[in-house]
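Have a look at these structures, which come just after this line.
What follows is chain A paired twice: with chain B in the first complex and chain C in the second.
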Partner chain A sequence: MGHVLVPEHTVLTEKECKDLLEKYNIKPDQLPKILNTDSAVMSIGAKPGQIVKILRKSQTAKQAIAYRLVVEGESIVGSEVIPDISMDVVSESSEM
Partner chain B sequence: MAAKKPAKQKKTKKPVAKKPTKAPFVKKIPQKKIIKKEPVKKQKMKPVEKKPKKTKEDKPVQKTKPSGKQTKKEKEPVKEIKMVPPPPKAPEEPDEHKKIRAQIHKILKNNTLPYNIINEIIKRVVKDKKLESKLGRIVEKTMVAYQKTCIDPTEACGMVGAQSIGEPGTQMTMRTFHYAGVAEINVTLGLPRLIEIVDARSSPSTPMMNIYLRDEYRINPDLAKEIANQIEITRLVDVADIEMDLTNMTIAIKLNTKTIEKKGITADEILNSVSSIKKTSAKKEKETTIKINLDEPGYKQLQNVSETLKTLKIKGIDGIKRVIIRKEPNEGYVIYSEGSNLKKVLEIEGVDPYRTTTNDIHAVGRELGIEAARNMIIQEAYNTLSEQGLNVDMRHIMLVADVMTADGTVRAIGRHGVSGEKSSVLSRAAFEITVNHLLLASQRGETDGLNGVAENIIVGQPVSLGTGAVKLVMSHGKKKT
Partner chain C sequence: MERLQNVTKKIGKLEFALLSPNEIRKMSATKVITADTYDDDGFPITMGLMDPKLGIIEPGLRCKTCGLKVGKNGCPGHFGHIDLAMPVVHVGFVKTIRNSLRATCRACGRILLTDNQIKEYKELIEKHRKEGRDTAYIFKNIVSDCKSSEKCSRCTREIGKIELDKPTSFREKGKKLTPSEIREWLEKIPDSDIPFIDINITAARPEWMVLTVLPVPPVTVRPSVTLESGERSEDDLTHKLVDVIRINQRLQENRDAGAPQLIVEDLWELLQYHITTYLDNQTSGIPPARHRSGRPLKTLAQRLKGKEGRFRSNLSGKRVNFSARTVISPDPNLSINELGVPIEIARELTVPVRITQYNIDWCKQLIKDTAIAIKHEETYIPQVNYVKRYRENGIEQRIKITDKNAEEVAEKLEVGSIMERQLMNGDIGLFNRQPSLHRMSMMAHRIKIVTKKTFRFNLSVCPPYNADYDGDEMNLHLLQGEEAKAEAEILMKVQENILSPRFGGIIIGGIHDHISGCFLLTYKDKQFSKEDASQILSAIGYTAKFPDNHEENGKTYVYGRDIFSVLLPKDLSIEFKAKACFHCDTCKAPNCPYNTYVIVKKGKMLKGIIDENAIGAFKGKILDRIIRDHGSDAGREFIDTVTKMAIASITKYGFTTSIDDEDIPEQAKQQIHEGLEKAQKKINDLITAYEHNELESLPGRSLEETLEMEIMRVTGRTRDMAGEIASRHLGLNNSAVIMAKSGARGSMLNLSQMSGCVGQQAVRGERISRGYQQRTLPHFKRGDLGASAKGFVASSYKSGLTPTEYFFHSMGGREGLVDTAVRTSRSGYMQRRLVNALEDLKVESDGTVRHTSGEIIQFMYGEDGVDPARSLNGDAVDIDRIITEVKEE
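Here is the complex of A and B:
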């Protein structure tokens, strides 16, 4: 790790987690997620259920703090996928 | 495209005047040796060619500590190439700044101000000592001003973002293919590229990589060439003529000595890879000829083997079709490649694994993690737009990238991604393939909590945005006397 694209990741301690959740009045699963198979997560050895603090380099604020909840890799991939049927009904939307 | 922000997402704050978006993410040049003083402390370095306005503050020069990314190799005497040294970590800020920062944080208590606003205050206060006593008032005023510029709660920031990107997007020329800066490498730009990014295609239509080199490799053209040879895929047809001998049922490979030398391959290496083909036996006839005999002679086998030989990989990395070496000012040699294979390229010695990038967002996500993918989306989308002369505020793109990477994987915006996975039935039905969504939902017996915008419009209720989000109930009953 240390690639220019990868911001610094750190695992939050239990107390920090509690403070964070209290501060924003949220539950852990309301945070954005990060997979436990993510290479940045693996390099710091975070376990599912832990919260990772990310020190982003932001172009607007120079430095911004973000949090992500570490989740099991499969739980996301295996979630229900809406079968993509009758594509003919849809005209490829060329929005944007 | 209407990317609705997930409710929990921290809103993109709008701090003071827009910063000129300088210092693109990629542009990072590692230190070689320190030629000039580091411009500003505690800030990430800007490449020197951008001519940053230097702050007048005098600061002690800090010698950059040797970073971990140096190779073990002894360094060649470095020629006079101007290197800008962005240290891997921002240098420590002086104690004076730390003290003021601590004070500010104390005043702020639980409130937050963006990092660079705090920096700005510190800078001013350090310059003018008189301000230090008024620090409390300054911070308070800044907080008020900052809160004014923040986006309001329950503001439809996704909608604003969608329009802000979409409107200039209409100005884009359709199907723009362009020779972008890099010589001879054709990169998809403009609208097709933007659609590609937002759709999170599994591979870009024109994958390419910027391969930065390390230490002496980027100064010495021969070493750079060597790496380029290791990266670029070389097939047998590129270095040899393949001749079929139908009477003897053999194939003769006549090596082209010049090209072999240029590519840095030996005849033995070729022999090795040729002998890996099954059901054949290869042996060296002369210095430059390899003869292949079939175990079971037959016209068809001969044909097959000859076909395999043509595409046989001798050297290089799969997926990298072509490389171009260019000398960049302040950097040395940089390899640009057509085709991309981030994983393999990063393993090559001499490649700087900290700066080498690809435009394949999924590959970045796999190798470097979701945060890197997020940065890549922002960077690519922003560059695509600004290359077309469109000024879209960074924050809109950041919001899009946040939504795309919110669940830990790179998801497309659209039917297959974000919009197709919404929890609300009506919202999904309102987007695309209405009938199917409704049918499936009725099969499964789904419920809709009517939390989103589309659902509430469908049933004719005020949406939970802006003033609609506030739930105030007044009891009507008569006051009992």
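Here is the complex of A and C:
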């Protein structure tokens, strides 16, 4: 964190979460998701179920706010999550 | 039933499952054993492929299974089945079969995971399902875990490597597995292990992926066609099924007769081939089954797949009623909102009108007039084709209006009926040109009935449709409901789409002659005699005060810019550089010596030239300002009048261009010739320097690259030089130059290529280098690096190209054509994928962008919530303008 290219992540408090959900009239699972294994999430110590607020630089609006629900992902260490790209690409592009 | 038609229902979920052999037999109306379709008398053979139990296609006959006839609410057709002598792999499931074999033990059928792993994976899968996340990768991991185990932990059997030979055969440890063996193996997998190979046990058993029974689709799915000669022509599917049955029969006979293993296996493989192609005739690795004529058969997968398949062609896209298509042509007298529709089309298309107490008299009159209109075909009077009445019991009654019953129907007309009326002036329709690449490709127009057989619209509306009049055809769709009409009027009318959401600027404006016309009206302080000015003004129907004038030599003159000012709103103040601007090093802005700086104060044009930057499509600043400040009605009005005025002034001036516009004096030709020779010498010097290794290479480049770059630079400069000399002799009294300078059409580069020198031809951004060994054409010496040997065209289009130059020029031109062809197909496919990904996103009233399911995609549309169509080239506000306005106050 603190690098120019990493947008600022903060964990929302319970109250802020409630206000946010009320403001948009949504349930938490309607928010965009972020894995708890995401480097930025790990560095601020957000836990699954919490909501993080992300302040990004925006071309159009200078600053844009986004909220994401932290969800549990498998730990990166020890599991291969490398998709078998070669096969999928061939079958999909054949649609042309 | 009828009354329930309008109830909307929501689909809760869809489940895909496999048909089990038992199910196939149960739903089968008959077993099919004969490969023939009809006997000699033309009757379908029982237990043949056209058995009447499978449904009927000839009207009048009754189905032998359900007893219904053909038609709506008739016999839907019934499946039959073929019992296969030996099992066969289903091509559509080979990958799942491979994974199932890899993940299980051949001896005990259990999954090759330890109990611990089973527990872990079970939890992981459940968690993912609960959170609605993709589980595909988990199953990939399971298979790769299983693949790496060497022995089954339960029965200690060694695990062999399973390989899939595309398309349908499997090997275990290099030994071929027959479909029977595969089926036995899959049968052994216990129900409890099936969730781990990504199969839903309520939907399928893995062994069902190896076929033992083949369902035969109803005849309604593969109807045979009787040709005029009385011959029957069968559907491709029937042809393929004939093959399947024939081979199946032979296989059975041979096997039962105890034929050698080799023959049985050959037939078995043939049966596998036929069933594979029956399911998908484009399976890679096997030759497609062909018709006698050599055309590949269209089998099951081909019916569904791709652009011409069931989904994209029949389900996502459908043919519509109330539409028309014809060639387009221009009509500068129509407003941009209008569309000229030929009488022939107007007579064919109808609009429904609901009769109310408010319009009943008008409707009655229209129906009565129908009788007259039918008798007098030559003048267009809209007729009423039908009147629809609704009786109390909800039954609809349609009465056709003829000249005889018109009077009677009109008298009996009741409120609540609907009449189908032919087109009238002022009806609204959606006008469209393919490819529909953006939303302005389909806009609403007011219809105006015209004679002759083409659709006609204002030339200013060509850019959004990307239309021209070289034979383009366009479509018209008539709106049938009041809501639709209102919505089209508010959102889709041409005048509402002058501002494009693509770049936040105008997309509709003056083109070609409109720009030349305005240029001629305003350049060089042009003035018109009072008579000419009056004529121009009368062309736009101007009736207010005559513009400012002055006297010279006893005659009254009016400045062109004052005539133009007549169109401007009284509060318009704007300053900008015209297209004709010379981009001098130091801009003397308000006092431009070339008068290319436009100044408008309080609706009066004081200085400058009106050209593309003022009124042109995509660029016109004045037009842009009028639309933003005064709304779309004023914008429409401005476009309509400015184009008319431009046409009037260009007509007054007389405007033409021809080949002698590109004539330059002999002395200029000589000058260009000298320049070319100088360049030739320079290039030769460079080449000699290179050959003597005296050339100094540019940083990061090889010697060859340096030479190429230097030569390219010289040739580029030479062309510019020729263009510069040529343009010195092409002044503003030249029509081609007027068009180029005002931005109406063409550029100065085009002109300098015509009269000066065409310049270096390039393929892939380099000088032309391909062809024969070490040379481009046999006209040159091997290894010649000179200008003319590498595609430099020293001639001009006017003087004509030498044969070698012509050849090089064609090479460059061909590259351009290929590029466009490749680009359109690529970008089309990219667009398709984008649309598929974004089609159901929507901006909600709270400014968020959400998916149909309510998930938030973006918290504020575009992060700033600005509608790009209302933005100023993407920005929410024009700060500079606000500042200047505040300063002025």
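Definition applied: the second predicted complex is superposed on the first by the 73 of 96 C-alpha atoms of A that agree within 3 Å, B and C clash if a C-alpha of one lies under 4 Å from a C-alpha of the other, contacts with A are read in each partner's own complex, and residues count from 1 in each chain.
The rule is simple: contacts are C-beta pairs under 8 Å (C-beta built on N, C-alpha and C of every residue); 3 or more make two chains touch, one makes a residue touch a chain.
Just so you know, these numbers come straight off a predicted model, no measurement behind them.
Trainee: With the two complexes superposed on chain A, say which partner A:Leu5 touches: chain B (first), chain C (second), both, or neither.
Mentor: After superposition on chain A, A:Leu5 lies in contact with chain B alone.
Trainee: Between chain B (first) and chain C (second), which does A:Cys17 come into contact with in this model arrangement: first, second, both, or neither?
Mentor: It touches nothing on chain B or chain C.
Trainee: When the two structures are overlaid on chain A, which partner does A:Asp38 contact: first (chain B), second (chain C), both, or neither?
Mentor: A:Asp38: touches chain B, not chain C.
Trainee: Should A:Ile51 be classified as contacting the first partner (chain B), the second (chain C), both, or neither?
Mentor: Once the two structures are laid over each other on A, A:Ile51 reaches no partner at all.
Trainee: Looking only at contacts as defined up top, I'd like to know whether chain B or chain C touches more of chain A.
Mentor: Ranking chain B and chain C by residues of chain A touched puts B first.
Trainee: Show which residues of chain A both chain B and chain C reach, each in its own complex.
Mentor: Dual-contact residues (chain A): 24, 26, 30-32, 58-61, 64, 66, 71, 79, 83-84, 95-96.
Trainee: Residue numbers of chain B touching chain A in their complex, please.
Mentor: Residues of chain B touching chain A: 1, 6-10, 13, 15, 18-19, 21, 23, 25-26, 28, 43-44, 68-69, 88, 110, 114-117, 119, 165-166, 169, 191, 194-195, 198, 353-355, 357, 364, 366-372, 375-376, 394-395, 398, 402, 405-409, 414-416, 420-421, 428, 432-433, 435-437, 440.
Trainee: Across the complex, what residues on chain C touch chain A?
Mentor: Touch residues, chain C against chain A: 124, 127, 131-133, 137, 140-141, 144, 305-306, 829, 846, 848, 850, 853-860, 862-866, 874.
Trainee: Taking the touch rule as given, give the residues of chain A at its contact with chain B in the complex, in rising order.
Mentor: 2-7, 9, 23-24, 26, 30-35, 38-41, 54, 56-64, 66, 68, 71, 73, 76-77, 79, 82-86, 89-90, 93, 95-96
Trainee: What residues of chain A sit close enough to touch chain C in their complex?
Mentor: Against chain C, the touching part of chain A is residues 24, 26, 29-32, 58-61, 64-67, 71-72, 74, 79-81, 83-84, 95-96.
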